[in-house]
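In this document, chain identifiers A, B and C correspond to the written order of the chains, with residue numbering beginning at 1 in each.
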Amino acid sequence: MADGSDSADAAETSARPTRWEIVALALLLLLGIVGIVAARRHAMWDYFEPGPGLFPLATALLVAGSAALAVGVAVRARLRASGAADEGAMPSSVEDRSRLLIYAGIAILWPLAFEPMGFLLSSALALLAAFRIGERMAWLPSLLFAAGSVLAGWLLFERMLGVPLPRGLLAGIIS
Amino acid sequence: MTVSRRKAMIAAGAAGGALALGHARAQAQSYPSRPITLLIPFAPGGATDVTMRALAKAAESKLGQPITIVNRPAGGGAQAMQEVARAAPDGYTIMNSTAIQFAIAPHMREVPYNAATDYTPIMNYGAFNTFIAVRADSQFQTLKDLTDYAKANARVVTVGVSVIGASSHLGMARLAQEAGAQVTFVPFGGGAPAVTALLGRHITSAVVSGEILPHAASGAVRLLGTLMGARVPQAPSVPTIRELGYNWELNSWIGVAGPRGMPDAIVKRLEAAFLEAMNDDGFKRIMTETATATNRQDNAAARKQLGDDLKMYEALLRQLRLGRYAN
Amino acid sequence: MDVISGLIQGFTISLSGANLLWCLLGVGLGTAVGVLPGLGPTATISLLLPITYRLDATSALIMLSGIYYGAMYGGSITSILVKIPGEASSIVTCIDGYEMARRGRAGPALGIAAFGSFIAGVVATLGIAAFGPPLAGLAIAFGPAEYTALVTLGLVLVTQIGEGSRLRAFLMAGLGLLASTIGLDPISGTPRFTMGLAELQDGLDIAVLAMGLFGVAEVLALAAGPNEAARALDRPKGLRALLPDAADWRASGGPIARGSVLGFVLGLLPGGGALISSFASYVMEKRLAREPERFGKGAIEGVAGPESANNAAAQASFIPLLSLGIPSNVVMGVIIGALMIQGIAPGPMLVAQRPDLFWGVIASMLVGNLLLLVLNVPLLPLFVALLRVPQRILAPMILLFCVVGSYSLQNSAFDVLLVGIFGILGWSLRLVKLDPAPFMLAFILGELFEKSVRQALLIGVGSPMIFVQKPISAVLLASAVLVLLWPLLRIGLGRRMGAGV
């Protein structure tokens, strides 16, 4: 692994690693260290054989080691190219931050509401939020698209494919 | 989830159950008046799923209501166990129960349910066969040959099992201990891969379920014994562990259970329906095809079995220093 | 010849009116459900399984295999069009398939996937006919030591995949290995990294990871990106541009042939063979290519090879399933369940006792592949037209399918939440130029790797000599070392022979 990769890295990251890349790699380094600490709670070797802790420890060491190396490579490449102008707080590939946040919120809140509220209600709300707030569509098409896709999803999965989708709040209304 | 929060949730479920109790009693006479949901804590397609579906189908006509099957394999079945523990004891939420989740898992690791108090056993209908197998060209003709060799040559005999903590593994571990033999258990994550490893000469022997029977029939393997109490119709020449001189047997039961606090009338109604359904030809055929042993245990027997097994496995695991008693 | 007469009997059965219909229905339904973003073959076949309960055993198995192929092709469609792999083995298809679609060559990519799969299907069927059920012997020859070596080779290949920094690919593979240790320890059953959650006992589900890291992450990338008007995506015009042209065929011939053979051989091995075949084929084609730098930028060989390998492996995996009762993946496990419901125990006696079933299924695989081709080539314009669905509709739809699809896997809302979390993680990884593909592949192999290493050490009473004493294992380990050292060797050889290699 040591061979060749260094020069390849230098070539690829000549585009100057962003601050975010270094932060992410550092977080992975941290994750590797946490993994090492957590793995050490398990037996490494018992009954003459590898124990439950050995493989997690080895992989966590691998993660921490390669992350540390990657941080080093990235920092060096960044310092080398320090002549270039500094980029903004968010990377340039994010053009629509509010829409991104809406979708990220939906990706977490929808699953959380899925069982307590039920499929129909949670999905209708989530899709309405996506169409109306995320995609900035008008109210009427948003409502129509949300209702249509929820209904289609319900017919397809519950009726045709027999998935027992959660009823949630509507438990008494639909049998 | 922390332990205290888990306990609080179980307590809340129990309180809900107590409230629903009065309501449920009133319902007992007309039971069942709507479809029953039966949770299977395994993925579709396995022997437990297939036999349970067949039994439920046969029981529908006895109950006069459809039984909706929901597979909830998540968390090694722990999610289904939790869901039933929290369900109202009105007989409309029941589950497939096995010795694995009810009697062994609580001793293997911390589980988010109390198998001894959270459930009402209803009946048992089957049991996993457990055979000790070697290849047909093996030097071991009898179980005694195997244990004697393992006694003289510590840790050389390898025994393939599905997982550590399966009843097959625990049964064989007990047997080896009593015989004074030292064997090495190799878990394969399932019966079929353990059988394959046996056929490929990678292990000495395997303790597995019905999936070995086709290979025994083809003459590729020899069955040295069954850990069950009775001989198996598909392999009548295979001796039971009692016949081989051990004073115990293994019943890796499969049955039906519900949440705790189910009214007696509802339990009786379900028990009768499922016991009667065991006479169904379709069910019997599926039991034979999946090589699952028939194990007809009524409510009283199922309750006793669960109580006895919980104690037995705790003692065994403590003795073997396994699971929660490893250190 | 026994095999020939068996095959003839098989074709008679599979071409009978009713069975042909079930096969067609299976292929059609499988494609229709598999093409929903997020729903891979595993989800599709579990969902459609109950339909087959009413059929007789042979018809049920024919229909199920039809569903399987259909769902696999459906997964390839989503891999190519929206970069959401339906299953582990189409992760590799995403790399160059999606790049082709972005360059307006979605049609040829989909076309070569269909034709390649068909050709691989023919090769695999001929292989089964030529060598017959004794092929199962190869599966038996693979024990823990041999699997360890095979998976080691696979892991080495994983680090060779994808463009971008090798060091970062290595890091992501390490993360995948670490993630694979979440759940109960495969040997002792000790819970590891479960944070006290019973839901994590079984570890992370590969389908959940795929939906999150690829499906939801793609939705977030769409959301973060510019609006439609600014989004340049070339769309082909006319049917001519939809099919692979002569140059495409010239480029794909070799990859399809090599992929078919590779997939067939590795598919006979139940543990991870099929998956390894798809990216082994990718790495092989990249190594053999005159301009390896085209890979990752829409090289048609990167689609043709892995897709063929994938399909040949799927076909071959029916051999260990039917003759040994060993399921090679979750889908095969479901099929075993279906067989048991039909009252058939797969095993060594099956071929002798039910030749009609065995050969009927083998023959219908070929028929199924043909139907897949016949059904899907005319539909190519329709699939490509899916790219025309406005992004503001497409993104919420993918989200809906990922949510319901992940719920349907185990009927568990926890899985849905994991999909959301991994979606956000997946998008963040992309942002910082970390490729999720090596993560996914290493994740799957990691579990197998740890299990086999520890099984082998148990069998070898703690001695690692077992890995070099067994011939198959020694050869595989040697090839892993060779692949790892290949760049060095090539430099050495190149110096000696001038411009060679």
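The rule is simple: contacts are C-beta pairs under 8 Å (C-beta built on N, C-alpha and C of every residue); 3 or more make two chains touch, one makes a residue touch a chain.
The shown structure was predicted, so the numbers you read here are calculated from the model rather than taken from an experiment.
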Of all chain pairs, the one with the most contacts is A-C
Quick check for you: compute each chain's CA centroid and the global CA centroid, then name the chain with the smallest gap between them. C
Going by C-alpha centroids, which chain is farthest from chain B? Tell me that one. A
Expressed in whole Å, how far the mean CA point of chain A lies from that of chain C is 23
So what's the Cα centroid distance for chain B and chain C, whole Å? 34
Approximate Å spacing (C-alpha centroids) for the pair chain A, chain B: 38
Which parts of chain C, given as residue numbers and ranges, touch two or more other chains? 187-188, 190, 411, 458, 461
Of all residues in chain B, the ones touching two or more other chains: 70, 155
Counting only residues that touch at least 2 other chains, which ones in chain A make the list? 48, 164
Mind listing the chain A positions that touch chain C in their complex? 1, 3-6, 8-9, 12-13, 17-18, 20-21, 23-25, 28, 31-32, 35, 38-39, 42, 48-53, 55-56, 59-60, 62-63, 66-67, 69-70, 73, 91, 93-97, 99-100, 102-104, 106-108, 110-112, 114-115, 119, 123, 126-127, 130-131, 134-135, 137, 145, 149-150, 153, 157, 161-166
Interface with chain A, chain C side, in the complex: residues 33, 47-48, 50, 159, 164-168, 170-171, 174-175, 177-178, 180-181, 185, 187-188, 190, 192-193, 216, 219-220, 223-227, 392-393, 395-397, 399-401, 403-404, 407-408, 411, 413, 416-417, 419-421, 423-424, 427-429, 431-434, 446, 450, 453-454, 457-458, 461-462, 487-488
Which part of chain C faces chain B closely enough to touch in the complex? 46, 49, 139-145, 184, 186-191, 196-202, 270-271, 320, 324-327, 333-338, 340-341, 343-350, 410-412, 414-415, 451, 455, 458-459, 461
Residue ranges of chain B in contact with chain C within the complex: 1-3, 43-47, 49-50, 53, 70-76, 78-79, 82, 108-112, 155-156, 158, 163-165, 184-189, 192-193, 195-197, 199-203, 211, 213-215, 217-218, 220, 285-286, 289-291, 323, 326
